[in-house]
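Before anything else, here's the structure in question.
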Amino acid sequence: MANILAFSETRLGELRRAGLETVTAARQVADATGGQVHAVLVGAPGIAQHAARLAAHGADVVLVMEHEAFANYNPEAITATLAARLESGYRAAFFAASAIGHDLVARVAAKMRLAYASDVTEFAFSGDAVAVAHPGYTNKIVQRFVLKATPALISLRAGAVLPVENAKAGAVEALTAAIDPTSVRVKVTLTEKAAGGKIDLGEAPVIVAGGRGLKEAANFKLVEDLAAAFGNAAVGATRAVTDDGWRPHSDQIGQTGRLVSPDLYVACGISGAIQHLAGMRTSKTIVAINKDKEAPIFKVADYGIVGDVMEVLPVLTEAVKAVKAGA
Amino acid sequence: MTASNGLFALIVAVAAGFFASNVQRLVGYLRLGRLDDSRWDNVPRRLYNLATIGIFQRKIFRDGIAGPMHAAIFWGFCVLTVGTSEFIVRGIVPTFTLAHYLPQWAYRFYQNSQDLWGALVIGAVAFALWRRLTHRVKRLQGAETHANDPLLILSWIGLLMVTMFLAESFEMVAFPQHASPYYRPLSYALANVLSFVPQDWAAFFRSLNWWSHGLLVLGFLNYLPYSKHLHVVASLPNVYLSNTSGPGQAGVMKYMDLEAETEQFGAKDVEHLSWKSLLDGFACTECGRCTAVCPANTTGKLLSPRKIIVNVRERLEQRALELQTAGSGRETAEGRPLLDGFISEQELWACTTCRACVQECPVSIDQLSVILEMRRNLVLGESRFPEEVMPAFESMEQRGSPWAFDPGERGKWADGLDIPTMAELAERGETADILYFVGCMGSFDDRAKKTTVAFAKIMKAAGVNFAILGREEKCNGDPARRMGNEYLYQMLARENVDTLAKYHVRTIVTACPHCMHQLGNEYPQFGGHYDVIHHSTFIAHLLAQGRVPLREELHAAVSTFTYHDSCYLGRYNQIYDAPRETLKRALPVVHLVEMPRSGDRGLCCGAGGGRMWMEESEGKRINAERAEEALATGAQAVAVACPFCMTMMRDSISSRDESVPVYDIAEVVAERLG
Amino acid sequence: MKLAVCIKRVPDMEGRFKIASSGTGIDEAGLKFDMSDFDGYAAEVAIQITEKLGAGEVTVISLGPDVVQETLRKALSMGAHRAVQLKHDAPVSDGLAIATALAAELKDGGYDLILCGRMAVDTQNRSTGAFVAELLGLPVITAISQLNVDGGVVKARRELEGAYELIECPLPAVVTIDEGIARARYPSLKGIMAAKKKPLEVKPAQVGAVTYQLEKMELPADRAAGRIIGEGKDAVPELVRLLKEEAKVL
């Protein structure tokens, strides 16, 4: 049977969790259809050190492409190389539905003149077709497609497949760049972590926001601590709070501030005035912590805790830290 | 006739000619404005305004100190003008005197009036100077004011009076046969004091003061067109020409023809304003009463309604020259337009359209229409507005509500309350007597929904046959119109008018003063004519008829209430008593305490004019100011009659004193339903 | 400088959607439509470039039935110079098929820069920009949050999860626009009037073969009505469990 390719994303020499998810997904398909999993690892010299972890998650072969020109993401060279490799006969290739993954899968598909499935939450292979589900209409609708292209190129939404250990040989093979990685048109000149954990509200997958229930500006520390524990969270505030000068106006979420829709929104001491709800209602999961159980925020929240934010937040922060440390 | 008479005649002729040419010049300036032919109708009403606001100084007296002072000077001027006229004619024809034409008693009365009012004017002018020089009266300050002009004018008026008295007195000294205590008693007394002056010297001083007085009068007349005191000439015409529309109609924004072939929507410069707005510039004497009551200005924002009007005149005088010299080969350098050159965007967006400035102006200037016309230019012409407003505009367009909520959920508050929609009734071949137009806040805001439900319950308890529109209802468009987006407003207004026509709606009730104002007062521009009743009036009416079954026992938790007036209910529609009446009927044992600023002086909550959808980061928050005023009354609860007031008051009160609740009047009544 | 912007007409995302009886589309009754958000940003960026240069031309292109003309007019009212409708009445779900039609129109246009939204907010496929670029043989930078075009070089920034990168490529090129660069302007009435007189061409679309077919649309399981999971700090372990296992956001 044909093999399955998994692109394992790295950044600044580190393997990303999404890189394990693609390998796990490929493993699931390979186990069902009987092919091998070929994980691709690209980066500056030394990136091969991560091959063992890919093997532990089910890679039969780890294809390593090391070069200084891969220290940053090098879309054209990687695209050319993967397209050439995939032409040799794979059933499918998995990418992460990340900024880089979205970019790469589209390029590879374009190069190979194939349609592809983006941001997939479910997939099922049968014969020459793959049935996939991917959310649309700002996640209000599940779209089910059939992809009849070989190889089936798929970008996988974070969390759709959780990394599972399933050790395989993971033989390391060198992958040669199909074009000179130093003479490409599109060049990434710098990759840098966002400064001081300051993630833009519009980009952050998690937002922790505070309202008047925090009683005073100094207590925003609790909100910041929880955001820091998530690692990928931004801090937001209600209009009442920014009006009182507890937080800068740029932090305001609501009709007159930022309109956001993160994966997780934690509302701390926020009652849920119309102005605020208009800015965050479309968040995928909403958690509310408020001492007034009649507060309108509980009507939009998926999970509510009735209680004093000052008491609940520190405990929640510790619990989140524990989960993150475990992952 | 002597040579001196001839000289005086010549001077009078030159002065009159010069003044006439200036008047002609200024009338020419007014012609640069846009056509407004709504100013010539309703003559009795205009004469009434002229008499009450103009002659009897009704609005001037709203200030207890400056009021009498100004009235003394103004009435003095009216009285003394008769004397001045006689004076001028006599200067040319020495034999002329009113004594020839009046019975003796009348002439004596006239002579006495000159002396007495002259003295009153001196007293008032002295007081005014003293007040200006020793007290920094807040409303008289401001970068836009011409601070030295009033000192000059007051001194000038004072000198006019002094020279008048001295000329009269020295005449009595020089010609004792003219002296009589029964005609000019004060001048006579002064003559007695001056009797030590030799007669020939007295004759000289009489001439000196006579000439001084004459020249000061003519100089004053010709100084006016160059001073803010053009006010003396322009105020009475301005009062006569002011908007005469009655309650509700006075605050209506002018219809705009969006299909008109024009490049200019709204006002960017003075020539885009109506000529009446330009006349406002001439009528303003910078008294600052408008700015002193402006909620934006008094909480530290840049906006000053007085500055808007002062700027209109300044720019008009500049722009008129530009336009007049254009193409003549000696063009005046182009100045910057009214917008940006004189008035910034920031000022215009700070306005809550509360109408306090218009209400307060003693000479019926309409500051608001300048601001709103300029907002129209900003939005329609230049697409310039605070960026946070964009979601509100987009949402009104996409979803028929300034809040980004699903229009399908508009009628959701009524779930389980057995309230039909017009569409449901129509399907069953039925109809309702009354349409309840709920409004966006009442439909989507959780706090306002409680008011909505309370009002609905009252109507049901009273057996009112009513229905709602449900998802067919759209925002009335008021936020869009007040923010200058006439295009969006007309779209919404027309859609609502069509929907209402479909169900043959005649009578509408609403708990939102903005909905009420739009549907009742502005929709006639689109052929929608309805009887629109605010819930305060409607509930008061139901209570008066005994149709609302109230429980006997009264909840005594709250014993004092203060009521916060909504601008669109109060100053726009003159509904001040109905909400208070409702509260009193619902809670006969409750004491109603008034805030210092209430009724037609009520302070805005800060949400009107689209401010609800804008940031307020400049100065103090208006609702904070109002909350403090409400709490200072010591009332145990605050009552409102507008969902926007509710949000603003509740936000600011709850952060100061959580124990003081804010209720809508409907909730207070519903609480006692049997 | 010649710029092209590919835009898509999409329904307003605030409403509650109903699936049409066909099962492969939404029930459009009562829905309002507008330009997809990211395409609006792209149009704004292109218009700003020509405004800054005081020269250049922005062409907006949309594929679909005649109703897309409304969306094209909106772009014109924002300040785009001309519009092209690639007329195609049936919905197309295959990004490659759509890109084929767009590329055919763009090929001989002599465009220096082609802009697309990062994705259409309805189908969320994210494929158009990359496909168009590849079909035209042009370099592409996707999902950018900053853009600077100077001396024949595009410099851009892309937001990554918790990081960012800076990217360059030569012109002509294709870029796809993320949020953060510019919000689409609100058309002035003047702009709306002017748009009525701007050229809008209608051409048949040369849609490619379809290998990615939408079979079915479903509404996700109803979001459980808000539930209160407990009081005070004792509720925290349960919250963390739910976030991990049910919501899968931790």
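In order of appearance the chains are A, B and C, and numbering begins at 1 in each one.
The criterion applied here is as follows: a residue touches a chain if its C-beta (ideal position, glycine included) is under 8 Å from a C-beta of that chain, and two chains touch if they have at least 3 such contacts.
Since this is a predicted model, take the numbers as computed values, not measurements.
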{"item": "Most widely separated chain from chain A, with each centre as the mean of CA atoms", "value": "B"}
{"item": "Contact-richer chain pair [A-C vs B-C]", "value": "A-C"}
{"item": "Between chain B and chain A, distance of the C-alpha-averaged centres to the nearest whole Å", "value": "58"}
{"item": "Separation of mean Cα positions, chain C and chain A [Å, integer]", "value": "21"}
{"item": "Distance from the mean Cα position of chain C to that of chain B, given in whole angstrom", "value": "48"}
{"item": "Per-residue overlap in chain A, given as positions that touch at least 2 other chains", "value": "299"}
{"item": "Shared-contact residues (touching 2 or more other chains) in chain C", "value": "16"}
{"item": "Multi-partner residues of chain B (at least 2 other chains)", "value": "404-405"}
{"item": "Footprint of chain C on chain B - complex, ascending", "value": "258, 263, 265, 379-383, 385, 387, 390, 393-395, 397-399, 404-409, 471, 486-487"}
{"item": "Contact set on chain C toward chain A in their complex", "value": "11, 13, 16-17, 19, 26, 93-97, 99, 121-127, 129-131, 133-135, 139-143, 158-170, 179-180, 210-220, 223-224, 226-233, 235-237, 239-240, 242-244, 247-250"}
{"item": "Residues of chain A touching chain C in the complex", "value": "11-12, 72-73, 76, 98-100, 102-103, 106-107, 109-111, 113-119, 131, 134-149, 159, 185-194, 199-200, 202-203, 205-206, 231-232, 263-264, 282, 284-288, 293, 298-308, 311-312, 315-316, 319-320, 323"}
{"item": "Touching residues (chain side chain C, partner chain B) in the complex", "value": "12, 14-16, 30, 32, 34, 183, 185-192"}
{"item": "Chain B-facing residues of chain A, complex", "value": "212, 240, 243-244, 249, 255-257, 259, 272-274, 278, 281, 296, 299"}
